[in-house]
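Beneath this line is the structure, given in structure tokens, with notes to follow.
Order as written gives the chain letters A, B, C and D; numbering starts at 1 within each chain.
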Amino acid sequence: MKQKIASSLDAAIADIPDGARIMFGGFGGAGFPNSLIQALSKKGVKNITAISNNCGTREGELGVMFKNGQVKHVICSFPGPHANYFQERFAKGEVTCELVPQGILCERMRTAAAGLLGFYTTVGVGTEVAIGKEERVLDGRRCILELPIHADYALIKAQRADELGNLTYRLAARNFNPIMAKAAKFTIVEVEEIVPVGAIPPEDVITPAIFVHRIVHAKGMRFAG
Amino acid sequence: MKQKIASSLDAAIADIPDGARIMFGGFGGAGFPNSLIQALSKKGVKNITAISNNCGTREGELGVMFKNGQVKHVICSFPGPHANYFQERFAKGEVTCELVPQGILCERMRTAAAGLLGFYTTVGVGTEVAIGKEERVLDGRRCILELPIHADYALIKAQRADELGNLTYRLAARNFNPIMAKAAKFTIVEVEEIVPVGAIPPEDVITPAIFVHRIVHAKGMRFAG
Amino acid sequence: MTEKARLTREQIAQRAAQELYDGAYVNLGWGIPNLIADYLPRGLTVYFHSENGILGMGRRAKPGEEDFDLVDAMKVPVTLIPGASIFHQADAHLMTRGGHLDIAVLGGFQVSEKGDLANWKIPGSKGSGGIGGAMDIASGSKKLIVCMEHNTKEGAPKIVRSCNYPLTGLECVDTIVTDLAVIDVTPEGLVLRETAPGWTAEEVQARTEAQLIVRSAVPQMKLA
Amino acid sequence: MTEKARLTREQIAQRAAQELYDGAYVNLGWGIPNLIADYLPRGLTVYFHSENGILGMGRRAKPGEEDFDLVDAMKVPVTLIPGASIFHQADAHLMTRGGHLDIAVLGGFQVSEKGDLANWKIPGSKGSGGIGGAMDIASGSKKLIVCMEHNTKEGAPKIVRSCNYPLTGLECVDTIVTDLAVIDVTPEGLVLRETAPGWTAEEVQARTEAQLIVRSAVPQMKLA
């Protein structure tokens, strides 16, 4: 069996280089890989392209990465009301930002995961989101072409992994995590519990081990609203 | 609460009209809505467009529908080695058939489910599947445009439903069923067990009740290979 | 001139709640729509959807009861009702775009006479702005209701001939519930269905840029 | 002229099994590929994928042990190994197309010198034909191996300059394992990696339409 379990948070992210494209799971304070983000921040990885629903809550979640100036570009749907470190850098032009409708963000990642090359949607037609995108009519409806979002890494949070990398999530902490696990070339998951292979019933697996490349144990971290 | 439970198999399919477009779940002998198919056959609904991975096993599964001449067009990936009733009608020109690669069949249904209008894939490029389809180059790769497959009804099989329509499936009997439930306008499910609302833990639900419009209890039927 | 009393935000939510029906699958957006759950008519079971992968949200969690892995799209700890289900964000938006939700209610900055919606960005505002799930929700719900004040704080109409705020979606709004009126977007144009108590159709029209269609007598809202 | 002995179908499977490695995620197609699981080198754990939504298939079910809700893509009752998972058919093919499978092994009617594969339909055959999962699998696996006889029953070459059978996919094959040879598809062309025991490179080339690249001495297959 491949050994996927990293000995520490630092070891789990040790090979992530400057300039990496990284997806970060989490929504609404739940399901963020906060321990991995802290480790990445400590390592000082730079020039990251971050793909995430939002841009941090003050120093929490992705906030610390913006505070430290580690992110050069972000693809997100909703930076959020407390993404002050992001907004400061954005105002100075130190971070660029592509805003994507939330469901389209999911679909563009899933398109990458599924080996497809693009899709047509009515979402965003006639809005700022459509600028620069191919528009056409299909089935009598105006639609725009959306392209896949790929990433070198996904940093995600799950509740439980078996030693092979099969994952389960707790309640709404699931959110973006299973999609990003499928979409990135290399997925690193922090989990609160690692169980032996076979401990998760096959029908209960949410993210099959094929999508998970490294596992690290971490006590869940959470940042207040 | 909406009453979704039909009193009988006949009642469950009573309003399906001639000419309906119907998705049928099932693969490899598992997860077929055989009791609903038998009821549909008995009712004598005609001129159906059937969307299904295969075309029956002798009289079993969809076979009886072809035997009775109830299907005019089928969209499938692999009619199967024992689809003799389909092949007879096909040879006589009484049934037309669109062959679709199996994963693309899934994606085209999912595209309908997700309110999208089409997608580009490399699958089928340069093959008979690409005939008549738009071809272009994206990301340096030849790809073809695939369009959504919609349906009026999905007839599916699950193991268990709560009274609201939340579903779970047994092992590989899951296969196409959850995708079709999402893709069709109206989903009718036969289940081996109906449990009270709340009996299925929210995290264990595979098909949320929003995709299920009618539930009927039926002892699972299975046809030999 | 002192204006007559308009509906409060809570009253707008209360009126909008009357648009819901038993068994409906419903998404509530930020702002006034988020207040609607508090005014659900008694005896109605509605399945509230959240973009982060919940169907069947119940009331907000009480102090001490909070589970921060179970939050709504506004990050507020919630509860689940029997029959709830959990899924990932892509499936949550498959529901929004795919026509699976019966009703979605969003806040709005402007709605045009064709039902275009602007609700995510104020022109000239600083910062990046943020879209969230609004564009997906606007694109696919069976019925889209917008709840908003009828006029800006400066008195400018928000129901306009054509939006000049950045758009969320084209021709997506079905019904507008404001502090002055209930208005349906129809192929013929904006139909004034109800006015706020004490307001006439003419008074509402005077505060609306777009032309309203007034069919016979327009009843006043009932906010029992 | 009596030909020398070629590999049996089982021996082709046995040689192909040597291409698998510990921890690999692998899909096996109809025909010869389906025999490979029986020849897995000892001590290797391979996670077999099935298009109907299984990862981690184990051996076939023994008589009396069959569960007909747990079948492979050939409808054969199978078992699960520890660490297996179950998912729906769309996710199963997200894996095939998306580059998630390490190795896929398919049967073949013809392979061209560029690695085009024809494996789903015989020209002029009656009936509808059937594609199944082959086109998705051919499009996305990290490594695609084709197992087939080197020649048709009539002696015609199946490794050709250009396929004249209906295609499954373009430039998708990485390695061909036949009853005469192991051949790699490279940017330079088809490289003869091994021959069957007792066969020379010249003899293999004589039974191959496409040009084979022979780099120094070509070893013979080891089928211990």
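Heads up, the rule we're going with is that a contact is a pair of C-beta atoms (placed from the backbone, for glycine too) under 8 Å apart; a residue touches a chain by one contact, two chains touch by 3 or more.
Being a predicted model, the structure only gives us computed values, none of them experimental.
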> Which is the least count of steps on a path of touching chains running from chain C to chain D?
Replying inline: 2
>> Return the chains shared as contacts by chain A and chain D, ordered by label.
In response: B
>> Using the stated contact rule, I'd like to know whether A-C or B-C comes out ahead in C-beta pair count.
In response: A-C
>> Can you compute the centre-to-centre distance for chain B and chain D, using the mean CA position of each chain? Integer Å is fine.
In response: 30
> Between chain B and chain C, what's the gap in Å when you average each chain's C-alpha atoms?
Replying inline: 35
> Taking each chain's centre as the mean of its CA atoms, how far is chain A from chain B in angstrom?
Replying inline: 33
> Residues of chain B that touch two or more other chains: which are they?
Replying inline: 107, 110, 114-116, 121-122, 170-171, 174, 202-203
> What are the residue numbers in chain C that touch two or more other chains?
Replying inline: 86-87, 93-94, 96-97, 139
>> According to the definition already given, which pairs of chains are in contact?
In response: A-B, A-C, A-D, B-C, B-D
>> Using the touch definition from the top, list the residues of chain C that touch chain A in their complex.
In response: 50-54, 67-75, 86-90, 92-94, 96-97, 116, 121, 126-136, 139, 166-170
> Can you list the chain B residues touching chain A in their complex?
Replying inline: 107, 111, 114-122, 138-139, 141, 143, 147, 168-171, 174, 202-204
> For the complex, which residues does chain A have touching chain D?
Replying inline: 1-2, 110, 112-116, 162, 164, 166, 182, 197-198, 202-203, 205, 208-211
> For the complex, which residues does chain D have touching chain A?
Replying inline: 22-23, 25, 45, 47, 49, 55-56, 80, 82-87, 91, 93-101, 139-140
>> Quick check: in the complex, which residue numbers of chain B touch chain D?
In response: 27-31, 53-54, 76-80, 86-87, 90-91, 97, 99-104, 106-107, 109-110, 121-129, 142, 170-179, 206, 222, 225
